[in-house]
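There are structures below to look over.
One chain, subunit A, appears in both complexes that follow, with subunit B as partner in the first and subunit C in the second.
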Partner chain A sequence: MRRDWSYWLSSNRGPLIAAALFVAMFTLFVSKHPAGFSLNIVNTAANKGALLAFVAIAQTIPVLTSGLDLSVGMVFVMANCLASTLVVGRPVEAALGVLVVLVSGLLCGALNGLIVVFGRLQPIIATLATGAIYYGVALWLRPAPGGAVNEGFADFITGSLGNAVPFSIVLLAGAVLLIWIPYRRSVLGRAAFAIGSSEQAAYMSGVPVARAKFLAYVLAGLFAAIAGLLLTGLTYSGEANALLGGSYTLSSIAAVVVGGTSLFGGSGGAIGTIFGAFVLRTIGDLLFVFDLDPLWQPLFLGMVLLISVSLGSFRLLRVKRRVDLYR
Partner chain B sequence: MTPLLRLEGISKRYGGVRALAGARLECWRGRIHAVLGENGAGKSTLIKVLAGVVKPDAGTIELAGKPIVLATPAAANRAGIVSVFQELSLLPDLTVADNIGIVDPPKKWGMIDQRAQRRLAEEALARVGAADIHPLARVRDLALSRRQMVEIAKALARDPKLLILDEATSALTAADVATVFTVLRQLREEGLAIVFISHRMHEIAELADDCSVYRNGCHVATFSAGSKSPSEIIEMMIGRDVKSAFPPRPAQKSTQPPVLKVANLSWAGRLKNIDFEVRPGEVVGLGGLDGQGQRDLLLALFGALTGVGGSVAVNGKVVMLSSPRRTNLAGGGIALIPEDRKTEGLMMPMSLRDNLSFAAIDQFSRFGLIDRQAEEAAIGDMIRLLGIRADGIDGPVAALSGGNQQKVVIGKWLMTKPQIILLNDPTRGVDVGTKQELYQLLHALAEAKAAVLFYSTDYAELIGCCDRVLILYDGAIVRVLERDAMSERNIVASAHNVATIAADVPP
Partner chain C sequence: MRGMIDRIDKALLAALCCIVVLLLGGALYSRNFLSLDYLLQQLQVASFLGVIATGVMLVILLGHIDLSIPWVVTTGGMMSTAAAGHGGMAGALAIPFAIGCGLGIGLINGIGVAYLRVPSMIFTLAINAIAQGLMVVHTSGFAPQEHATPAMRFIAVERSILGIPNAVWMWAAIGGCTVVLLRRTTFGRRVYGIGNSERAVFLSRGNVDRVVVACFAIAGACAAFAGVLLAGYSTKAYQAMGDPYLLPAIAAVVLGGTSILGGRGTYLGTVAGVVLVTLLQSILSIVQVPEAARQIIYGAVIILMLLVYGRGQKVVS
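Now for the complex of A and B:
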């Protein structure tokens, strides 16, 4: 009989490949960087990466249920605009503001969940519509860019702990340990995987399909709002930027795929997604150290996406039964 | 005494189709109740009512004397009613342990306790005699018969009061069936009520205490097992007289040159030096235990495997078998009736017309345009030939009954007028009436000089239908049984490769 670890390895191939790719790319980046391995560089990279990583985690959970959430980028922008008006003033007020922003993310996710689960609309179209609505709310909150964000808060969440570990990484690790892993091991979390694997079989097995799907979208809203807070910390302001929202939505899907989560649902997870997001963000950094025009970024991004998806498909070369290709 | 479960006057209509009309069923603790009937008799609907998948239009369900509503599968589970379905309800991307503990896993601090769940899975697997399945394996990677064992283990892990097995043994090997039956008898001793559906009469004779027969959505009769002969039961089921189960085979051996000649065929260590030939008009059986390479052999001949060694000659000409489409076009004329009609045989949401004509579409299309009239004529012929019962040709095949779907799968390939027909266990999960028709069809195909290679897990079928049976063991042909040597005893002995094992493996 095969050993336990070989099963673990085969079920974690995607995240491991993404992690290896990130380590390779980041090592190259740091070694070519004139300043070398310094806190500043690591902190900047961490903040940029974490920003996409949170949006991408938000995307991962509905994707696991074989859904899709096209509104994550807009919830992210809306949370940014809301934070720029609420996370202001004295620390207590700012803290309350943070809470309100998180709750607003949960509410956006809940609306998506209600529409997808009880309205029985296809997630792709339902979230395309709600995404547009959330952008409208963002525009209403902040017709022009601006805001006076509590600087202490902003500097804290984008700074580093003890001048060593970027806070955004701590935040990511915290989200994984306190939200993702408990979720993954909860009945509703596993139900999300079950639904993505085969919704009908999940229903027949007595899995709480409606609740699990609903929770998946709610969590997506929460993670997108956390990303919005992080963005607010980086920019000290809010802006209803539709382009930004759209590009984060698309990048989030790319990060999910690079991180080894199947778009058909049922397999993958947030940890792979985090590495996927960091891989995508390191591309821009590599262009910088190799003195290439940043305008080339989409080209390289596309290539990395294709390569990493191909890596995931290598097993198809070993398929000896052609029928299995069409599974 | 009250029965554990009583269904009374259950009716259900799907649109204009009556699936159940006042059906009833009583299940008692410590008894195994066999539910019999042709496909379309309402068995599946009745079971779905019990499982909480289908809500009946009328009727009452009583559990231990108290009325109960089974609104969802989860509600039925809570009431202690657990079903093992013919169409597997496993989650392919999840591990075996996750599948077994899917609904009510052991928990620690609100989270699933992976260790405890794994122990639970190991116990459940060991209980059904499937300890060879690793609890961390993904279900997707398991063979069909192993998946079905997982399904049964999963059901038992829920500690049911009433266990429903709907064709749950259809994909199992004979050895697995024996272990499962032992477990079921033990559960009966422990006071469990069991509802058992199978198309295999000998399984019912072996296992059941009570039998209920259904026809056209109505309850026909309930009697204690053994009080009626199999032919009486079959008569009740189909409402007509059945003659002998298998049409007689012509006594003469075919002397024409072989249409299919396979030499030294090998593949990936799973098929080893396979040699045989099939003449026109011959039905050659593939036998042996499940999973000894029979399916792979059929796939290899169909061109669905890569890296196949050896040679395959059709009409004396060596052919390259590189894909099902090429196989079909190269003048080889090889058709494969696949095992799993839902995924490999049919496009469920598409119409009967599309499904029947896809494989043969070149015959009635010109410059990429389909000649609808020619198509319809060909389809009409096929529907008549196979006796497919359907409401017009433009409805989805998903709406047909299982037996009729299987006929569509076969018809689709007959449309291509193949010289060589490969059948992969075509009668699995098919009712007695349809089985009969399939045997007749097999007979007719052989008469029309097609070469038929027929894999079946049912020994009686091989004996009844074939001119010759090749017994496979571990990817090699270990024995060829000719007409007179074909007996259940010989097949079973050869299938287990008894002599060879005794000689080769020291104790």
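Now for the complex of A and C:
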């Protein structure tokens, strides 16, 4: 029994560190906040964190297969623009609009998957190019910022349930329980981890490599579209903002790494990523409550990111032979 | 070996064909496309991307990637104009000072990747954020007021020899050095070796770490020099001036036949890739279609070209 525990601890070290870091930082944030602990603060923090968390989950799944999806930020922006044109009017129409947005995310993911799996292009460069396409679609849908989003919908997904739990957290928990955990336990989910460890070995063991990789990119599109819906709820409008998409793509990679998923694939998961995303977002909040000059904030954020990614190099102390360092 | 050479040639050939097709397609739209003036103008614009792509290619050949390019370019531009603002001796040293800054950032990138063993994608991302932070603090978030020195204007805009822009000569000089470095030195052989198998280079007593650091340093210096050229071209530096160059640089290198996994690619291919990407952007901006369609065509064309000649091997065993 004891051995099970130590195994569990060592295999979940990344997510646990990220979770501990988040709890510590968030406690500090709330204790320093002038207004103290209130639902409003928690709700705002949850919405901002969940926004990045969904994009980062989208990034996690292809990364597990040792791929990468540089188009998640642009799918996110495109879903935002689409939602701002479709999630309007009467509740029934708005609900239909939500469905269309989710399907559009799936389609974007499917296009990425097709190109990577059947076109056999490297994921980095393929998704870089499809990202440009999705951004073009976003611009086409919304040449100028705007849109009249159904306010009931927007307030609902960014509000809180029973004045206690932020809905975005419920949405995240739902995504983990209904999509991530079943996926993790399915044949194709396990195949994704196997491919990330060694694609050749996975292929030789009869793992459905092509289908698993394809599904990974499709799910990435879906999660990015959910994030786009959430953004629409926060801003009540749509904007084809290339800078926003780019920064979310890059932040999502950072969140994946902080959450303990290996960029080489094969280990990690969405739960660590969620904490990674919340850690990154809480850094910004902390800078705010500690009244740091806004001018210094980007530098400070960069420093924190650099230190957190360099922490992984402590493993070098455990390497016994130098040749093991090299691939 | 034979198959490898054939592969590279195929990519270069395909890139050259695409360039010809683009030029002919453009010529159908307007006669000006084949005029000497337009072509020289395009080469001048391409030289900025070409200098950046040189460094990016070295890093990609190692099997790494450098995402700090955008703000190293901006750092190069801002540091050179800042030195120019001091006037006198500092103004005269503006260009070497900016390149030195880029070299320094590249060294840090290299140390992080080679000695700390942090994946290059995430380490250079963090360095990019720090370079951005430093520049925001330096400029207080505004566009810097200083202007480029005459020397910077001279290398970026003027046409001194044979009517060819000086920027193109600069690119040619850097490119020539890179070809010699990659083809004629042990260092170059090691770069290709590391891209194929770091472990093999280590076991054959090559100093992997030092080669990696050097490549990242060169990439930083190239990016900063491109920043100097850009600042000279538009007479001043501005925030995020390097942002539009990262993706085209990577696309140019890959379209030129360099494997994004490292270990394979030629400089000539990169040159073709740079010209190709520049022409594509130029034609898309001249042909009057909305920005949205331009983005879609840009992405689709890159995917299509890669599908024609950039496909990977099928996993069979």
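The rule is short, and it goes like this: the second predicted complex is superposed on the first by the 315 of 327 C-alpha atoms of A that agree within 3 Å, B and C clash if a C-alpha of one lies under 4 Å from a C-alpha of the other, contacts with A are read in each partner's own complex, and residues count from 1 in each chain.
One rule holds for everything that comes next: contacts are C-beta pairs under 8 Å (C-beta built on N, C-alpha and C of every residue); 3 or more make two chains touch, one makes a residue touch a chain.
Predicted model only: the values in this text are computed from it and were never measured.
Look at A:Val289: by the touch rule set out above, it reaches neither subunit B nor subunit C. By the touch criterion defined above, A:Val23 reaches neither subunit B nor subunit C.
Of the two partner chains, subunit B is the only one that A:Ser11 touches; subunit C does not reach it. Contacts of A:Ser197 after superposition: subunit B is touched, whereas subunit C is not reached. With both complexes placed on chain A, subunit A has more residues touched by C than by the other of subunit B and subunit C.
Residue contacts after overlaying the shared chain place A:Gln122 against subunit C, while subunit B stays out of touching range.
Once the two complexes are overlaid on the shared chain, A:Arg185 sits against subunit B while remaining clear of subunit C. By the touch criterion defined above, A:Gly266 reaches subunit B but does not reach subunit C.
Common to the subunit B-facing and subunit C-facing surfaces of subunit A are residues 200, 203-204, 322-323, 327.
Remark: subunit B residues 51, 53, 72-74, 76-77, 85, 88-95, 98-99, 102-103, 105, 107, 110-112, 114, 132, 134, 136-138, 154, 267-268, 296, 299, 303-307, 323-324, 343-344 touch subunit A in the complex. Interface residues of subunit A facing subunit C in the complex, by the touch rule stated above, are 68, 115, 119-122, 124-126, 128-133, 135-140, 143, 199-200, 203-204, 209, 243, 246, 250, 253-254, 257, 263-264, 295-303, 305-306, 309-310, 312-313, 316, 322-323, 325-327.
Listing the residues of subunit A that touch subunit B in their complex gives 1-2, 4, 7-8, 10-11, 182, 185-187, 190, 193-194, 196-198, 200-208, 262, 265-267, 319-323, 327. Interface residues of subunit C, counted against subunit A in their complex, comprise 65, 67, 112, 116-119, 121-123, 125-134, 136-137, 140-141, 197-199, 201-203, 208, 243, 247, 250-251, 254, 260-261, 290-300, 302-303, 306-307, 310-317.
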